[in-house]
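Labels A, B, C and D are assigned to the chains in the order they are written; within every chain, residues are numbered from 1.
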Amino acid sequence: MDTSIWRPILYLIGFMAFAGLNAAYLGWCERKGAGRIQRRTGPMEVGFQGLLQPLADGLKLMSKQLLVPTGVDGILFRVAPILAMIPALTSFAVIPFAGNIQARSVELSVLLLFALASIAMMAILLGGWASGNKYAVISAARSVSQNLAYEIPMLVTVITVVMITGSMNLQDIAVHQQGGFWHWNIFALNKSILMPISFIIFFICSIAETNRAPFDMAEAESELVAGFMTEYGSMGFGLFMMGEYLNMVVGACLVTILFLGGWDCPFGLFPGVWWFLLKIYILLFTVIWVRWTFPRTQIYKLLNLSWKILIPFSLVNLLVTAAFIKIF
Amino acid sequence: MTVPIECRQDETFVLNLGPQHPATHGVLRVKLTLDGEYIVEAEPVLGYIHRMHEKMAEDRNFAQFMPNTARMDYLHALAFNHGYCLVVERAAGIEVPERAEYIRVITVELNRLISHILWWAAFLLDLGGFTPLLYAFDDREQVLDLLERVTGSRLTYCYFRFGGVYNDIDDEFITGTYAFIKRLRSRMPTQYHALVTGNIILQKRLKGIGIITEEQSRRYGCTGPVARGSGINYDIRKNEPYSVYPEFDFDVPVYHECDSMARYMVRMDEMEQSMRIIEQALDKLPDGPVKAKVPKILKPAEGDYWASVETARGNLGHRLVCDGKKNPYKLKLRSPTFCNLSCFAEVSEGMLLADALAFMGSLDLVIPEIDR
Amino acid sequence: MSEYWNDVIGGSKSLLIGLSITAREFFKPVVTEQYPWVVPEMTERFRGHIELIKDEKTGKPKCIVCGMCMRGCPSGCISLAGKKPEGEKKKALTKYHLDFTTCSLCGTCIESCNFGAIQFSKDYNLASTRKEDYIFDLLKRLEEQG
Amino acid sequence: MSIVEETRIALLEMFPEFAAADAAARAAADKIDDEMETMIDEMDSIEPATEGDAPAGGDDEVEAAEPAEAATEPVPEPEEPEEEGPRENGVMLTDHAARGTDIDVLCAPDQVVQAARIMDESGFFLEAITGVDWIKDDKLEVIYDYNQYGQEQCRVVVRTLIPRSEPEIPTISDVMPSANWHERETHDFYGIKFIGHPHLIPILLPEDADFHPLLKDFKP
């Protein structure tokens, strides 16, 4: 790996651009996707097929004043949206898009990603708390309990993967799965027959972790108005939205690397970054698809799902995998 | 109810849900005292869209009050038309031609159908499902087009007249209605039941939530789908038949679970029954005039009269007190949701905020009708 | 325990069914009308605001200034005036104002008109920021229509 | 026995003087409803005489109500404007097709609680409470509509007259919780004070409203 100072910087700029484009255009994709599912057209007016809509929205948000209501904690209120955005951006530094496209290969990159994901949750907590709004405070409380419940099955599932590959480096994990879809962790039935289920568990958890519907209790517009974002306008709101989409992208990248073989082609042909992008966009589309299909869960039902179904299943999977590794 | 908002000794806090809140479908305000997310006390505060229709009735003559009736329940405006017509016809002794009665039933049932469809859509929106709303609007739009053909308006109909209806229906309306029923029947199992009713998330959110027992339902005077979801077989169309309803074969869906899911199922089944009524009415539609000869200025005899109709939300009663003059001496509107909502405070006690909103959605509130 | 497995397996199945339905809808054509580009046609009975009808023979409004519409209106939004031109028997309409801000489109005026002199117009896309724009001078409108 | 008949007998409990006579009449012979009506009318005339034997009433309010009833009784008589003459307290059957109601009860203001209790015990629910302002007679009429969920139709109207200058009437909200809101609404519109109501603040009118729009002398 090249250790010159320019390489990470160039890569970072590239990833920033990638992240920025994703944050803007995932919103467009979501609106178009929702429109098609609901048999509407979605945005059509600004540019061809509404392609310039994100730009227009961004301009509108930026031209607005960031209102800081009286009675809020000024510093936290301003910091929270930035805090929602930064960890997601930082995460891209360690994600390997292909064998040679990675800003920095960190040995404990899996751990780093989860640490950063927890900071994103802190942003919601702080934003909700600092707003001094009752809806926002309820939302913050919900968000914390939800994240606590979901990180356990998520981490247990990751431990399973780490046990199989024997590394906590995302690059190594992806390399370990090269050579066709039968090598992917999702189909690693020789390691543990429950791997497809742990893929589903991990995917559900990553949706819950990013506060996406049907697990968007923190936002819950019909109950909590807009949850932690109630008091935010202009780019404060914009950053939260971008942070949400970026977290989605990071989640999709993680799922791809941990379970779907990273940049590997299903049939062993032309592995490369395009396979990686294809996989994450399929996953992102699924997330959007899920959001526009289901009603919202209720917070306690969600905790039930986590504690009664996801955690037992992931623990069983962990034990089975450990047994398989020990025996074979 | 009387505890001041400040200086609470316990850990509770007051949350003002509304008057502008996405889940209250209008301008209902609910003062919630919460302990965490648990509701300690709920007090609905009404009157934000109160327009004193009863006073307006006293100032106008009988026919002039007609447009007001549509402005109360904007989702089932024709039933309010119907209820008011019934009470005035009862007072003035007006006979309605049979064809007019059939047209009334057809349009009222179509209106009930879209009222339930829109309730379903809005309820799913409360629960965070957005897509069903658009599917429902797709269907609703078909009916609105049909009703626009005959009544001329799309939401606040003023179609009924004393002794009949404003104008006749045409063949295109009849074929269009048959086509719509066929279409809705084909969409019902997928877009409605498979996508939503069978969904595990919805089932988990509604089952066992918001239980109104049969006794509570009676003590609070609940009617309509709320009562029928509590196991009470009560439908004005059957219990106190009016118009030509006795001539149709339809069932009153009753569920005994008493929870939000039961009320949901009652409404879903009622849509099917409404379609049955419409089909039968269209099949049997007699020929004849659609409006009886009625003097322009009515002067009913002294006395008081009551007439009830079944709206999509329950028993709508009109009490008309006449003193022999050309305007009502007193018109009392008994709106169904006013009574249905009154049980909210008792039932929602101890519920979670999210559940309480699901429960509130299942009551099918139309605020202008509560506030009148 | 069986309930638990029912929830897990039946629940997952219901979710998959839901996803399959929305996926099918995804590939169906859109049903919405692109309003400013596609303008809907109003039905025959559509109730816009009222307008006067011209008498084809004389070219004047059919209205005979009886004032029944004015008296029948529940909200009192019609005001009209007429005077007898010299040498004619009938009154001629000189003013017909509709205060559309209070009109509820009930059709009582049209019903009460025994001469078929007013009808619903088909105008629906009315928008303005000023209240005065909704006090329509229907006589002028009739003249403008030609 | 039809539900209308059962309810009528239950309601007669409020008027013990008729109840005794009614029971006697029923025991004597099976009469059709119309004749019952005439019987009641006859009983009306002998009401003061039978006032003494009021033992049957299941409630202590009966005793309290009796003197009040007797006291208020003569007052409305000369003032009632209805052409069929003044109506006296009692239970009356009405034609459902013509009126929309089946039983019409006129009682003294104090008796409404007892009426509500009887209705509650018979499984009725409260449909509405409203008032009517008879400004010419200087009276306010309070009307309670009861209905039941049974398949047979039976709608009961309980009405009472209170003086306009002192519009007070006991609350029935502790018997029927649904009356809570209906009474608040009636208080809003007519200014009728429901004695003992737990929370008599405006419900539909603004919180600070001190006017009662449905009174006939209300000027906006």
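Basically, contacts are C-beta pairs under 8 Å (C-beta built on N, C-alpha and C of every residue); 3 or more make two chains touch, one makes a residue touch a chain.
All values derive from a computational prediction rather than experimental measurement.
Novice: Compared with chain D, which chain's mean CA position is the farthest off?
Specialist: A
Novice: Could you tell me which pair, B-D or A-B, is linked by more C-beta pairs in contact?
Specialist: B-D
Novice: When the centre of a chain is set as the mean of its C-alpha atoms, what distance in Å lies between chain A and chain B?
Specialist: From the centre of chain A to the centre of chain B is 43 Å.
Novice: Return the distance between the CA-based centres of chain C and chain D, expressed in whole Å.
Specialist: The answer is 47 Å.
Novice: At what distance in angstrom does the C-alpha mean of chain D lie from that of chain A?
Specialist: 67
Novice: How big is the gap, in whole Å, between where the Cα atoms of chain B centre and where those of chain D centre?
Specialist: Taking the mean C-alpha position of each chain, the two centres sit 29 Å apart.
Novice: Where in chain D do residues touch two or more of the other chains?
Specialist: There are none in chain D.
Novice: Which chain A residues reach two or more other chains?
Specialist: Expected reply: 37-40, 292-294.
Novice: Residues of chain C that contact two or more other chains, please.
Specialist: Residue numbers touching two or more other chains: 7, 15, 18, 21-22, 25, 31.
Novice: For each chain, which other chains does it touch, given as pairs?
Specialist: So the chains that touch one another pair up as A-B, A-C, B-C, B-D.
Novice: Under the stated contact criterion, what part of chain B meets chain C in this complex?
Specialist: The touching residues are 60, 63-68, 71, 131, 135, 138, 145, 148-153, 156, 158, 161, 166-167, 190-191, 194-196, 198-201, 203, 296.
Novice: Sort out for me which residues of chain C touch chain B in the complex.
Specialist: Of all residues in chain C, those touching chain B are 7, 10-12, 14-15, 17-18, 21-22, 25, 31, 43-47, 72-74, 104-108, 111-112, 120.
Novice: Quick check: in the complex, which residue numbers of chain C touch chain A?
Specialist: 4, 7-8, 15, 18-19, 21-23, 25-26, 28-32, 34
Novice: Give every residue of chain D touching chain B within the complex, in rising order.
Specialist: So the residues of chain D in touch with chain B come to 82-83, 98-101, 120, 123, 125-128, 130, 132-133, 143, 145, 147, 149-151, 153, 155, 157, 176-178, 180-181, 185, 189, 198-199, 202-206, 213-214.
Novice: Which positions of chain A touch chain B when the two form their complex?
Specialist: 34, 37-40, 134-135, 138, 141-142, 213-214, 216-217, 220-223, 225, 292-301
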